[in-house]
Amino acid sequence: MDREILNELTVALQKGDAIKTQKFVKIALKKGYEPEQILTEGLVSSMNTIAEKFKKKQIFVPDLLLATRAMNAGIFILKPKLKKQLFSPIGKVLIGTIEGDLHDIGKNLVKVFLERAGFEVIDLGNDVPVNYFIEAIKKFKPQILGLSASLTTTMYGMRDVIKALEKEGLRENLLIVVGGVPITESFATGIGADIYDMDGTKVADKAKEKLKCSNF
Amino acid sequence: MAKVTFNELAINNLNDFVYGHAPKKIKFDNGMVIGGGTVYPEVNFTLPPMQVNKNTISKAYKQYKEMTEGVCQRAMELQVPGLVIEIELVPDMTFNPEWGIETTKIVKEVMNEYQDKNGLKSLLRITPVDVREGNDLEHMWRGKHWDLVMDTFKGCAENGADLLSIESVGGKNLHDDGVMFCDVAKTVFSLGIVAARDMEKLWENIVKIAEETNIIPAGDTACAFANTSMVLAVRGMIPTVFSAIDRVMCAVRTMIANEQGAIGPDKDCGYEGPYIKAITGTPISMEGKSAAVAHNSFCGNIAAAVADLWSNEAVENKRLLGGMTPEICTEMLVYDCRLMNQFTASGNNLLMRDMLVESDSRLDAHAYIMKPSVVLNIAKEIIKGKTHLERTKIAAKAAVQEIRKGFENGSLELNERELNYLNMIDSQLESIPDNEEEFIADMIENNTTEKFDPKKYDIA
Amino acid sequence: MAKVTFNELAINNLNDFVYGHAPKKIKFDNGMVIGGGTVYPEVNFTLPPMQVNKNTISKAYKQYKEMTEGVCQRAMELQVPGLVIEIELVPDMTFNPEWGIETTKIVKEVMNEYQDKNGLKSLLRITPVDVREGNDLEHMWRGKHWDLVMDTFKGCAENGADLLSIESVGGKNLHDDGVMFCDVAKTVFSLGIVAARDMEKLWENIVKIAEETNIIPAGDTACAFANTSMVLAVRGMIPTVFSAIDRVMCAVRTMIANEQGAIGPDKDCGYEGPYIKAITGTPISMEGKSAAVAHNSFCGNIAAAVADLWSNEAVENKRLLGGMTPEICTEMLVYDCRLMNQFTASGNNLLMRDMLVESDSRLDAHAYIMKPSVVLNIAKEIIKGKTHLERTKIAAKAAVQEIRKGFENGSLELNERELNYLNMIDSQLESIPDNEEEFIADMIENNTTEKFDPKKYDIA
Amino acid sequence: MDREILNELTVALQKGDAIKTQKFVKIALKKGYEPEQILTEGLVSSMNTIAEKFKKKQIFVPDLLLATRAMNAGIFILKPKLKKQLFSPIGKVLIGTIEGDLHDIGKNLVKVFLERAGFEVIDLGNDVPVNYFIEAIKKFKPQILGLSASLTTTMYGMRDVIKALEKEGLRENLLIVVGGVPITESFATGIGADIYDMDGTKVADKAKEKLKCSNF
């Protein structure tokens, strides 16, 4: 079988062209490729290339986002045909911006990278009150909680969330990531967070690494 | 609707476009004249990491008092001809207007003391937070959030503010999406339709409050818009050409404050200020290298080229070896202003302007579109538009052309990735339908989400 | 004794006395040329409040690594033509030379990485602390303290330093007393005799180490001397005329490093630098407005007038909204340098120099004695002296005269209190006996205390 | 009796002329003034004027120091003749700069102001090890301990001193003042100090005030 079509698929995905990506996935299926092969050799490997390029600052965020969108479009076609659920997420993350804080571009970037890394991400949005976090954790049972604050006046709200979790007995099995412009490492440690990072590309790696060594 | 439409440039000649001088200078009772030849420092400071609530508010007041004293003391020792202080209220001080008002009183009292005892001339800009966001927002122009913003403006205006500003956020959520995907159509829509409508309504009301209290409605900033792009571009997240074009589009939006009656100086973080000054003639506040305490940029020098106030953006109150950060920023700004004013005094201000410009403009597209000659070229096109939407599209198109011209004649360096995006943005612009109704309907259909509800703007 | 005595000015013409250009420019293998036309930023950063000991040293190393990375990254993004980093070792890193040496390695490694991977040219200045103080000091030039300083110099020189400097303290205790009482005779003695002898011995040895390791013996600073006066004067504690005259006297002392073979750039906080440059022709590092992070001054702009490196003095590693302070300082310095270099590129550097000068020189006596024309006038007199003591006295006398002339012709503002002190200093100078032996004997008799023991300097 | 001589004394002291101050004190005694009157109306009141001027930044540190020196010279003449010890110090202060720290101009200024305010000051100098502080406190039994640090790397030495005092049971009756360029209020509070101030003129006032309300 010629690999021509997988190459075309790769090009389409890397250009972020969702329509062409879907088209080439369909053609590949018709040509008799296994859905698993299309997924791994066509979609996932190209996406990894894209992610690498982004880390090296060779491409921009929109390139990454469009490629992600194209990949998801391709997966949408493949999904019913996959023999088993290849895509069980490696972990579940709940994220949100602290109450009183209305900036969320930073949080959104982190979300993109976590999803890219295979996490399922539940986004509570911004301006999230403490009790919303508590209820959502009870409901979704995530392994990771991501808290974001962009204002010096809201960053202490992170501490309130962590305190409330402790009170409810929910802290123990949770990995807590905090981030945002004013957050320092010592602040993060001081309020009892596990991971501190502002850089979206790194949060995912650190979360993966930490999860491995944790008893979740 | 708009009270004034600016159909001509206030500044036509490059030789009249320089820092310190604005066609519509503003004179104050204490003798300060903004835009009258002297560049004054505008110092902006805020609380260090702390919670603001009933239990801590008195600590916050104490900090504001001490910060103001430190700034005034240093300014006095350095013999400034005049000082502007800006307080950007923290969110809790707009959610609780009485706290914002008390802060205004406290700060102004210190300033008055220094003015009376030591002859330190000063003005106070109060910038409430635009809290019209969040899950419980009912509507942009009525309901709890709107009332809080208006009550804060009113109370601060009555209790010591000399200048009123805001970093308003109408259309911000849509714009955020536009930036992340470098989606030009969405960006045009968010600015030219959504933000524009909000600016009209918001500034109509701010101007009314300022008139009633006999103070200055100063102006807005595209902080929530083009500054997001600019900072992402500086971090290498999005192309700098996008942030440059976004900035020029934002000029159309920010200028609506002036159409509604704002008379400047607009807010420091509005890097679109040069466009506002060229078109409306009002003085502007700018920030650049000294704003590195708040964010980095690629236009640290060029930002000063046509500034009338020179600011540090915002510094948290922390101690360094040289003292508290607000005092440190004051000292830095004072020396920058001294130097610019010295060039003016010796008749060499145009040379200084050109050096500020040339030192940055070649290296970055955002810096390039702040170049005074480029500003005049583009501004000339913008004013041809009949509606805010049309002006926004013209702004983007003209910016693309100027950036391309700059690259081609060697006055701007762009790598291939940037050039690709420039072409992409250009073709995206081409594909926006000429028919406004059609464009709006299409945008509303595809962008109504929980984050953006056109009904909250009375659209559709 | 002294290897070279400078009996002529290296710069005679005011038109040759400008920032970026030094008669004895220094070329480095990586292509950087200090004093060759370009002003480079010299970024200086230090640990935030923390203890440095066996348990914490690895944390300190981590901080140095991160600070260096932050600075290099920002400098690269801002496309600097070259960068100098200075590390002033903290005391524990001189008391434990291995820690200072390891820090040097860590910082240099990051710099090398950025040079190799990203083409960022850079140089590293290492400044051990002069720990020759304290209750257990045996002697200035032998014993434990001396050995620690020398071991640190040697180890750092062998492990990555490109430039060696120190803020040496010989005679400091005596000078402190002189400043507190504005006692001119004691100040002259502390500088012209005690400090001078120490500088000879100390720099003879530093130069030797630099020669053996093939790196640059850069220079000293009167930080422990005239900077104490300057900061007290800025705070209104002592008259600014005293600090100005003290500064000029300190030039004689600091220059002894160059007599012993130091070839510049001297250390940033040596505000006497312009004198060193005029007399010896070596390039100099200066700090001004951006050093407000470390201390305030009245010479924020004028300090740049003849600088070859432009520094922030020292900033503690702390986070502000715009990032960590070392990166923030880098950005500010880069923009200042860009602007100065742009003036040079367009042939207007002399005008820029004059504006930097005029913007400060009228308002403060210390700023005034940094005015290039005044520097040349006084430097011309200093070199007539035959001994360090004689030169110190001439320096003071000439400074008094220039300050008085400046006041009389309206180019310097002085209030009555300052004028009274100027006269007092003048008459104190008159009363210093011409006979050196007599003067020294008298001074030793009246100033030998537990704080100052002439035996530790082999005097008397 | 004409007050001429007291006026001359005042002028001499304010000029910081120790020799003339002594001369006029002697003349005043000969003219029959009570030593107490010379002290209060001649020396102390002029010194108060000087101190006021300094606070208002109308004079410089050397003016203040020279006047202090002149006053002390005058008191030297008066002392044997005073009926009772008028000058019992209002409190005893022990001060020193933390080990590893060699800057002491700031500490010296504070010392001057404390002495001016009527405190007896014992100065341990700079580079003082923890156990020196402890021994000196046992020996001199001061009400106030002043700790100075000018370096960010030595400021934590203050905490060591306070901890050692607590261990030795010496903390309780001691008012601890800390100061120096890098010291912030929150740092001072955090390590358990009582007063934080860098401004020499204010330390004395605060110390006086605090002593009044304390149970010493």
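Letters A, B, C and D mark the chains as written, and numbering starts fresh at 1 in each.
As a convention for this text, a contact is a pair of C-beta atoms (placed from the backbone, for glycine too) under 8 Å apart; a residue touches a chain by one contact, two chains touch by 3 or more.
Values in this document were obtained by computation on a predicted structure and should not be read as measured data.
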Problem - Distance between the centres, which are taken as Cα means, of chain D and chain C, whole angstrom - result: 33
Fill in the blank from the handout: Note: chain D sits from chain B at a C-alpha centroid distance in Å of 52
Completion exercise
Each of the following residues of chain B touches two or more other chains, namely 316, 321
Exercise for the section: Any chance you could list the residues of chain A touching two or more other chains? Expected result: 152, 182
Handout entry: Category of the chain touch graph - line, ring, star, complete, other
Key = other
Problem - Interchain pairs in contact, sorted by label - result: A-B, A-C, B-C, B-D, C-D
Fill in the blank from the handout: Within their complex, chain A touches chain B through residues 57-62, 65-66, 100-102, 104-105, 108-109, 125-127, 151-157, 182, 187
Exercise for the section: Report the residues of chain B in contact with chain C in the complex, numbered from low to high. Expected result: 74, 77-79, 234, 288-296, 298, 300-301, 314-316, 318, 320-323, 325, 327-328, 331-332, 334-336, 338-339, 341-343, 346, 348, 351-352, 355-356, 358-360, 363
Fill in the blank from the handout: chain A residues touching chain C in their complex are 152, 181-182, 184
Fill in the blank from the handout: The residues of chain C that touch chain D in their complex are 46-52, 90-92, 95, 131, 133-135, 169, 176, 179-183, 228, 232, 236-239, 316, 417, 421
Exercise for the section: Using the touch rule from the top, collect the residues of chain C that touch chain A in their complex. Expected result: 319, 321
